[in-house]
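See the structures that follow.
You will see two complexes here that share subunit A, one where it goes with subunit B and one where it goes with subunit C.
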Partner chain A sequence: MWFYIIRRFNLFVLTVAILYFLVFLMLHAMPGDFATNISGQQQPSVELLTELTKSYQLDKNWFNQYISFINQRIHGEFGVSFTTGQSIWQEILKFLPATVELCLYATIIALIVGFPLGILAAVQPQKPADFMVLGVSLVGYSIPVFWLGVIAIMYFGLELQWLPVAGRLNLLYQVPPITGFTFLDIWLSNLQYKELAYRDAFSHLVMPTLTLALIPATMVIRITRTAVREELNANYIKASQSRGLSPATIIYRHALPNALQPIMSQLSLQLSTLLTSAMVTEVIFSWPGIGNWLIDAIYQRDYPVISAGLLICAGFIILVSVLTDVILIATTPKRRSAVDGSN
Partner chain B sequence: MKHSVNFLLKYNFLPLIFLLAGCGPKHIDGVDVSPGIVYCSEGDPTTFNPQLTTTGTTTDATSYQLYNRLVEYDPALGTIMPGLAHHWHINENGKIYTFYLRKEVPFHNNKTFTPSRYFNADDVLFSFNRIIEQQHPYHQVSGGSYPFFQSVGFAKQIEKIVKVHPYMVTIHLKEKDSSFLANLATNFAVILSKEYGQQLLASNTPHAIDSTPIGTGPFYLDSYYQSSHIRYKPNKSYWGGAPAIDQLVFDITPKSTNRIAKLMTGDCDVSALPQSSELDILRRNITLELQIQTGFNVAYLAFNLQKEPFNQPKVRKAIAHAINKRALIEAVYYGSATEAQSVLPPLSWAYNDKLSEYHYDPKLARQLLSEAGLADGFEMNIWAAPVQRIYNPNAIKTAELIQGQLAQVGIKVNIISYGWNVFIDKLNAFEYDSVLLGWTADNADPDNFFRPLFSCAALATGANRTNWCDDSLDQTFTKAISSTNRKQRTALYHSALAQLNNELPLIPLAHALRFQVKSRAIHGMPLNPYGGISFAKSHRVKATASVKGAR
Partner chain C sequence: MARTNSIYQEESIPSPLQQIWRNFLSYPVAVIGSWVFGLLVVASLIAPFIAPYPPHFQHTDALLVPPSWHPNGHIAYFLGTDDLGRDIFSNLLYGVRTTFGSSLLVTISAAFFGIILGVLSGMSKGLKSSILNHILDATLAIPSLLLAIVLVAISGQSLSNVMMAVGVALVPQFMRATHTAVHHELPREYVVAAKLDGANQIQVFFHVILPNILNALVVQTTLAISIAIIDIATLGFLRIGVPAPTSEWGVMLADGVDLIFIAPWTVTIPGLAIFVSVLAINLVGYGLQRAVKEGFG
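So, the complex of A and B:
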């Protein structure tokens, strides 16, 4: 087990090092002065330039530069943004919670909707319910996020005026950003009408979350269906059926727990898809998250922000996939032995 | 067996699905909670001191919210009204302005500053000396650039400012200038607190005077989150009566479509700068009100009169006859502009409505060209500004239309554009044949359209794009400005307009309309033609419809 974790950790370090190297190359290739691009300091004074040269070892060879680049970044030193002049790390801390919040709620909805439907389709193979669920999930999977978002804005926002179309909270609620998570912040604030603020925050969440949840939900359905069907066909299920166990017990106690493993491992692979969709969703709904921030930076040619956003997003995906891998291995002896056995 | 599994699952999960589907939205009128107003603004202010800037975004956010001026301009009546000076008079030779200041006007307080005294003459001296005195401790703070005051020659104009007693100030001018009072009423001539300035100097943080502002205005700054929002709270002891709203939020929304969407869904109550192409949608929405006002601006095509063949008046007139202004207004402004006959908009009291028009007539244009010896046509370039301006939403599109129209009379047009800063630099070198630009007035005085655009002095400062000036015209301007008799001034401006119409150093194209969209529930917000938006008198009238979301 430990051996496995160490191997995963090595893999993680190596992948991140390659990621950093690519970003490092990208910064070199971007137009403008390398010192400016890497630090965000436009037209630095002589003292500042000396300091930058020292901290990024700009007078040394590329390998030294690369190492000190990693060194600066992993200490949270991302430089400053061209457009706002503020510390990029502070900006990341400001925008990341919004993205995490959106992705988290979307994932929860995807699981709540996807699991039951997936199971439903699995227990009725080749029946109308199965076809319905599969058909709907295929249609859902094919709908582009940006199109769905815009249609939702047009219909539910502008036409029916049921839901707000932009932002996280009506600005009349003065909620200081302490944690960055809207509901927590409202809870921590000293607002007089907290209940109304919660409702307003909820109404702002509905459309972006549902839009973002669509594709993961269809994936959960399809993955669950396949996994549960495979389990239901296994001999031990047939054995328990012949022993007269109730269908509910069979599903909940035997089939589902065993099907969960492949589902989880498949889902962790979908994280990058989720994050990409989240970026698009954020732009459409003016959600002040990391995606919106990054795409703005691309428009503004804010190179330090682009590189930082890339590192953060890609790093986050790598970290989560390694972690889920480790957790899965830790909880599934079957997989572990397979891996260990190959060594 | 399988059937029972199915049955069980169906009835286990279906309610859950329905439950989720039933999590439908409830319309929530959060705005019922607190009588505040949200304004969707187009960008971040660059500073909280309008003295330092001429950008509309900054003055909108600061000038009328945080500060007061000595005198105020009344957009409805078109006259100068009392501000922090409740009364003033000008001596006989027009060079000494005496202001009697309002008493018991409190400044704001914030976490670090609590004023110990009311507003008085020291604050007036502090605010203006900061601009005109190079050695003033605050002159160089925030860069030492005061673009509006530099453009009207404020420092050169003023001989001295004297505090006669704590509530009386005299300003001595070197030359008579009838636009002086109008300049004091602009968005930029705000009054700061001297006491705050001194406290900041003592604590060695002078920059804070422009970023954490203290003024006498109807609102004080509560918090500012860059690229997100600005929150103002009402100044309960405002001398003009406390605002009727609990808070004022500037929601910074750079994209025009997002501003409209927020307005329609109630996240915003008032929105800045709707685009001409969106006006139809706004007009159709019954909950919104579109306010329209002829702007004090002009878009023009200026010729470089030192270049061939534009030194010939006939060529300039031929081009004027070849341009279809109506078509430009339809295509570029979507109808949200009026045709310009002179640089001065019809709204101004000095407007001359007896000018001969250069109507669209390609035949006449060809005839004029052949009279000028250019029957075979010629090639010219038009420089078009790369950015959207109040007076012209799309200069490049305008240039393309003019390109097509001039091709009809045999003139081949090349369109040239650079990034905004490079564009201005190159303009100052007078490399162009003609340029599409414009002018937005800062105050109500007609002088603001003449001296900055046509005077010989403006050739040096770069606002005179015609590369031409005329001594007799300059004299007319000087005469007009040194007179305070409106009749006399009107006559002088009429003759200046006639002369300009005859010489035609530039072709006035359009006066763009100014727009503001707001929810019908918001009252007390007249549209100011010179820019600047004020929420001092705004309030929300509770419509019955807005109760539906209440608890």
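So, the complex of A and C:
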């Protein structure tokens, strides 16, 4: 098994190297001076320029530049932002937790809602329950996330005034950002009214999370439905049915554990869709996360920030897909030959 | 499938394509979806002839008129007007061209390149396949919207750049779908049989593999159209897509957001247009998927 894991790790390194190369090419293609774009230093002084030339090997050929580019980025040296002049790495650390928080809660909701519905649809093929679930998931999948967000703001935020429409926490609560996760920060802080702060943070979370959870939930439903139904058609299910096992036992003991494998590998492919909709959701609800930060960077033509955001988001997606692969390989011997093959 | 109106006792066996088509027609929702799809195609072709006004004509005496079924609405402005007095119905019709029409074009060109690359990577073995695969993995890991944003940032804001960006983001998905489909077919016995008969790679592909993966590719294409529509509209909504004077559904929606309190129809109507067209395409895609599966299952 270790052989496969090492192999996967090699593939990971290679893929990341190609990703860095793509970003490197983009930095070259972006308008403006390459030294400025790669470091974020606008109109650098002569000393600074010499230093940049040395650290990024700008006087050497493109291959040396590429290698030192990787070297700098891996050591957390992302340059500074055009607009704020702050270190981009620090800014990423500041904005990333908000995005992770949003995506995490949305994924959990999507799994809690989508998984049972998908199983329900799978065990009752061609019945009203199946059609209902499938119809709802098709409709939900077709709703553009920005429209949903705006409608939610219009109805729940402005018309009914149930929920706050922007931000993570009311400005009344002065919570120092320690971890970046609101609930943890409130817990760590020495606020007087923690109870109220928790409630406020929660009410800020409701709309963005539900908006973001819709599309992943429909995907979970469809993937679960297909995978479970495929397993239910297998011969071993018929064998256990003929032995007189109860339907519940068949589903929970036999079909589900086997269906989990394809579900997991398919879901990890959907991560980039989740991140994309998270970016849009953040913009609509003024959620101070990576997406909002990146879109702002586009408006400001802040090239170092754009390239850093690209590296972080895509790197994260590659990392997650490799990790799921490794987990799948470790738990199912069946997959090992497939990974080792010409795949 | 014996035909009852035939006087001969002949049993006609439909070809696979006919079978798929019959299966497809047996899903009412999919048929409705394909009708909506057809209407949108027609609308994108004849938009200038049926639109009541030019899309940017500002009716200065009719600002923010609600839709015609509203008590204050006026039938001359069927879906109302926005804050500059532009007729929303005309704008929507022209928007079919930008949002729906250009996503069709984008998908077709992305499918062309993606499928060719996917076939190359799927049919080849060893180092070449491995290199193509890693480039594919790296590009697939970049979220499509992010890639589009970067390309727009590099090359500037225009309709052709937006189309290019969305297309480039779609190519890896076509590559992956084609690659998996080809890989699924390669170990089949009839492929081996064709190889044993002495068919070369090109013959194997065109005569044996292509007919079997065509269905998967058609399904992927319909799904890609819906992704392209959402992507173009999202870019428009974020105001980094199609630049201002062009009618585009996402841009219309973004314009309406400021008016959400006094004129909610400026937000709901363009959103509804996006939703309906994406839903129609997804229904067609779903129907095709089912039809293909049952046709061969």
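Quick notes on this structure:
To be clear about the criterion, the second predicted complex is superposed on the first by the 336 of 343 C-alpha atoms of A that agree within 3 Å, B and C clash if a C-alpha of one lies under 4 Å from a C-alpha of the other, contacts with A are read in each partner's own complex, and residues count from 1 in each chain.
Criterion: a contact is a pair of C-beta atoms (placed from the backbone, for glycine too) under 8 Å apart; a residue touches a chain by one contact, two chains touch by 3 or more.
Keep in mind that what you see is a predicted model, and the values were worked out from it rather than measured.
Steric overlap between subunit B and subunit C is absent once the structures are superposed on subunit A; the two fit side by side.
Residue contacts after overlaying the shared chain place A:A29 against subunit C, while subunit B stays out of touching range. Centred on subunit A, the angle reaching out to subunit B and subunit C in the chain A superposition, using CA centres, is 90 degrees in steps of 10.
Contact with subunit C, but none with subunit B, is seen for A:I306 once the two complexes are overlaid on the shared chain. Once the two complexes are laid over each other on the shared chain, residue contacts for A:I74 go to neither subunit B nor subunit C.
Of the two partner chains, subunit B is the only one touched by A:Q174; subunit C is not.
Once the two complexes are overlaid on the shared chain, A:I153 sits against subunit B and subunit C alike. Once the two complexes are overlaid on the shared chain, A:W162 sits against subunit B while remaining clear of subunit C. Judged by the touch definition given at the top, the superposed model places A:V280 against subunit C, while subunit B stays out of reach.
When both complexes are overlaid on chain A, the residue A:S272 reaches subunit C alone and has no touch with subunit B. In the superposition on chain A, A:Q124 makes contact with subunit B only, while subunit C stays out of contact range. After the two structures are overlaid on chain A, the closest C-alpha atoms of subunit B and subunit C sit 6 Å apart. Residue overlap on subunit A between the subunit B contacts of one complex and the subunit C contacts of the other covers 153, 158.
Residues 11, 14-16, 18-19, 22, 26, 29-31, 135, 138-139, 141-147, 150-151, 153-154, 158, 272-273, 275-276, 279-280, 283, 294-295, 298-299, 301, 303, 306-307, 309-310, 313-315, 317-318, 321, 342-343 of subunit A touch subunit C in their complex.
Here subunit A touches subunit B in the complex through residues 84, 86, 109, 112-113, 116-117, 119-120, 123-124, 129, 153, 156-158, 161-167, 170-174, 177, 192-193, 195-197, 199-200, 203, 206, 241, 247-248, 250-251, 286, 288, going by the rule given at the top.
On subunit B, the positions that touch subunit A within their shared complex are 1-2, 4-6, 8-10, 12-13, 16-17, 20, 25-28, 30-34, 36, 38, 222, 225-229, 231, 247, 249, 251, 253, 255, 258, 261-262, 264-267, 551. The residues of subunit C lying in touch with subunit A in their complex are 29, 125-126, 129, 134-135, 137-146, 149-150, 152-154, 183, 226, 230, 233-234, 237-240, 250, 253, 257, 260-261, 264, 267-268, 271, 274-275, 278-279, 282-283, 286.
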